[in-house]
């Protein structure tokens, strides 16, 4: 049986372009789908670098002008894997050209952009994804399934952290290809858009809407050398951000992200406490889910450490055998598989741009609150 | 050699009176001190119950009127182990009568009381302790020693939680001997005074003063039956409280306490992140301290799990042998030992009432902020 | 109500005498019993040291000749807390004098002694305990209760370790008060009697009889200075011992003890794997029990970490509140309480000398097998 | 630059063929090598299944007779991914045909075969690997590097387990494609060859030669239905195997494998205790390495949990960023990369067939000892 082809135009050749390219390259080996991805074109500013990327990943051609890719009749899907300040212009152009769009997170620099992007893909009626990949770590998907089953009962608390330590040194520069995430112009914000956006996406998905937030941010290192200008420039991003909030379901939220938590490389965690049970997860040990079931017999109740590698766990029948872990990159393969599947079923797969917009609203409210020192309603 | 006697008058015969009585009974078996405690009198409302307590713990006499104990010439030290609303009146009277005073935490219902109490003991010049016992869990003391050594460098973050789950059921009553902690009149506040006070005490001790706070509280169960009246009454305490703050040293704080975190009996944790290292602790595994030393060789850096049971760890030479744990109650024995030692050296042992007052200021600011939704400066 | 008195004669004033004295001193504060212990006499070789011990723990008198204590009409119970080579002679004399006997583990130097001791207490009809204290760590007792409930189904594997690291240095001496455990004359054996005896006691209790064993021992440091003679002498004990075995119920056992496992202070663990579930425990975190229940729903199955501090957990209603740990020493308090209770009920409390004899048989078989390199049947 | 091609003939299309095919497919995306693998032919008994496998993984052609693949002039490398009883005949034929050979573990059914295979590849002078993939989990490689650095000092103990629970049910059949590992004719042995071979390979690599072993095996389920015959047949494999041993360096070993340890999917662990430090690892959390360094300051010594995901950790610069885990399958990618690299450098990469032969010798000695109940020297 011949598979239907999905021709992909990849905008960007950095870290995220690698994770997405890897996903497209692997999905057919593990999933049985009607559509097969074809790595058509990769686009980036420096032609030689784009070519090297194409050679490595098997793209058929390279391009340095993203508009040409967007307008290319042979391309079905545009992947936006560039710094945040280019998300909107590319995604909107792609939608207007009738392309499907997958856009890296955070969706945009701000709500205004995100709204315009969402309206563009919805007006065009094209499949779209805001690439919050962590929803598709099997343990995270399992957590969502448990929550949706109602096992936890009424929810009281949602807690999430994303703690890193890679910018503690004042010698880390800002700007450029490797450190654009520290440049407010390219990134829009610091840990709020880069890290908290992930936390917020999972929270909204697992626990519903947030009604109000109250936040604090800090920039510990006030000046950094700009890679491009070579000059010391003031730092415009938030190095750390903490906020608490109220969800529509009456539960309380507590969120924190930083790049100054020595000893934590990527301590991305969430915990949800309900009347009848609780769930916790940590990216450092991504194959495990912690689950407390208050309905267990009183004498033997305890937090269960579930090694989410059994055949009946989400996505795991596609991989190896029980006990054998998969990693970070597989979340992108799962997203690719679900997206391709959605083309067959016609049912949109989440998170869509609209989901990304909701997260953006919370991010903006958080930054707003941090600026004013006031609660901000959503 | 004859030991000097310290005659103790214990006000209260509830849970905390047990922990303190146990400490006095055990201290001589393990510590070599100039002073020996004598359990002179226990005082409580119901004579039979006071007598049963005296029989169990070896108090020489019982009393139902605390004023008589305070005025008793034979008593050297008054222990205040009663609900919070009686702390001030008893402690102040004791100080005025020239007695040393050890008062359970939180020191008072509010700053005004705490200030009056502090001024009373200082005016009287009597040794005094606000009994924040967790400072003397060996792993916590070790954490303090590591921090004071400067190993962590500049501090960026302080994080603390105290999560419980015992009041989730709406059938838990308020008021009375067993559940006065849910009665705003007796307790003053809910988790803020009961749980966060512990977190704040450690934070101020380990990380210095807090300059401003921003808080959110919630009361999940709005009405509970009052044990004494037998009637449903509205609940006046905070069931949950989250706050973030700024410390004078420039670091950020994030604190949370609740009695609605299913699966956590007493998840009292703190974590401190500095430029060169981090420390974390959890009451559930109180004999362990987690320590990350960034100065370790890059390839083999990792969080160390220190089993704080070696002879050179704080207090541990007094107990058993390496690997053998002690428990919660030993923190009170250590406090008793340090207090008795301080009588010999003449150097006050912390936390004093003044330390307790500082914690009270933060508690009040937190409750204030939660009420107004505004940052509160200290 | 006046309590009945149980007059105690303590033979020995070393480490184990401390743990037992502490237990007697504390039991009345926490348990409600018909009998109350009276610390009558402590006996040891050096009078001043015995006196210091008596002063510390409240013994009424001191003695240097254990025979006088055994013959003392006022003594009801003899506690044997001396090096292993004196267990038999004292315990037998005590039994013949009609005293109850509690003897530290291992019961004896060998099976012949242990048998004679067992026959002596049984002939005398006196209550007796071989003091394998770890049975009464609440998590260990809970494990036993779960096993007895049949929840695990048919048992396939029993695994136990006792790993320490305190004798790695060749400078640690042998003999004398502090290091008699390294002296074959005083201790009988090395890790087999000192550490594996604990593992074996729990195994026989939890999993029934062992039918055959196959063992390997090693002495890594061949010569050590003798504390008393001051001379280098060859080391007669086993530094490490590994054995596997078959239980009567068809399951397989795997046991190991050493004092050369760098990084482990007292890693005393057991694990039992049955058809329907498994249990694991570790002395380093003694308040936790790990339990896997295969009957849990497939998607959310995982090892549960039970924090054994709830009021309905074994012994825990006597102590503090959920989440607050007790320690090593409490196992002795529980043993004391159960022993006193057994005097009222007339039902013997285990482990008796006969239980200790069964453990001794396995220890001797293990040492035998290690010598011959052959399987040894029991 | 054109890459040199390495044409691969894959014999087998089962689980291991997937892991190897995946490795070849991915290696070029992450490693920069002179050689590039070409998936030329896959060979298996059922043509349709072979074709399906070829379609999925991109093999150019399929074959049902392995001899044709071995004789194919266009093939450079034969991958032996079939049941153990076909390893020898295929590998030897391949060597004789001048092909490089990668053979799944265990190398053979017994030492005689393994020796013949080893002599065949060595006589032919062809690059060869016995595919013990776990050496190339980054944490395991790091462990080896630490050991080789001499940091641990003199070694006292080596401990390894491989515990599973998938054959507890008597309804699991034997034989056929999915369960040939339970059929003695196809597998040679049970857990010894399947699981302990992995433990032994790492042990010999990390800790040197084993001089003597003493073992016990058990078959818990005596009869199982044969998938092919449909009849109940007696079970010829070992369900569980425990052995202890002595290494040439004077250290003691303790090994255990079973498929009856309820709750453990693939608890593959090792621990090595040296004079100055210890190391431990567990496949369930494969990205972590536990390391105890006795040279750390006494007060803050503890087991370090190293998250082996930094750029300077073995292989990790090729993947993502610190904190982001890779999984089981990556060990095969690393093996593929090292093998391709070895073709450029001309330096053989381990484990070779000769290494596999050494492991086979220990496996045979273990099975021998279990049969006779005697120590067996190597």
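Order of writing sets the chain letters: A, B, C and D. Residues in each chain are counted from 1.
One rule holds for everything that comes next: a contact is a pair of C-beta atoms (placed from the backbone, for glycine too) under 8 Å apart; a residue touches a chain by one contact, two chains touch by 3 or more.
Predicted model only: the values in this text are computed from it and were never measured.
Trainee: Measuring between mean CA coordinates, which chain is farthest from chain A?
Mentor: C
Trainee: Of the chain pairs B-C and B-D, which one is connected by the greater count of C-beta contacts?
Mentor: More C-beta contacts join the chains of B-C.
Trainee: Roughly how many whole angstrom separate the Cα centroids of chain C and chain D?
Mentor: Comparing mean C-alpha positions, chain D is 42 Å from chain C.
Trainee: Quick check: how many Å separate the C-alpha centres of chain B and chain C?
Mentor: Here chain B and chain C have centroids separated by 36 Å.
Trainee: If you average the Cα atoms of chain B and of chain D to get two centres, how far apart are those centres in Å?
Mentor: 55
Trainee: Send over the residues of chain A in touch with two or more other chains.
Mentor: Residues 264, 303, 307, 310 of chain A touch two or more partner chains.
Trainee: So in the complex, which bits of chain C are touching chain B?
Mentor: 15, 19, 21-22, 25-26, 28-29, 56-57, 164, 166, 264-267, 283-288, 307, 309-310, 319-330
Trainee: Which bits of chain A are touching chain B when the two form their complex?
Mentor: For chain A paired with chain B, touching residues are 152, 156-157, 159, 163, 165, 168, 214, 216, 218, 220, 240, 242-244, 246, 250, 252, 254, 256, 258, 260-264, 273-278, 292, 294, 303, 373-375.
Trainee: For chain B, which residues count as touching chain D in their complex?
Mentor: Residues 142, 145-146, 289, 291, 293, 296, 298-307, 310, 312-313 of chain B touch chain D in their complex.
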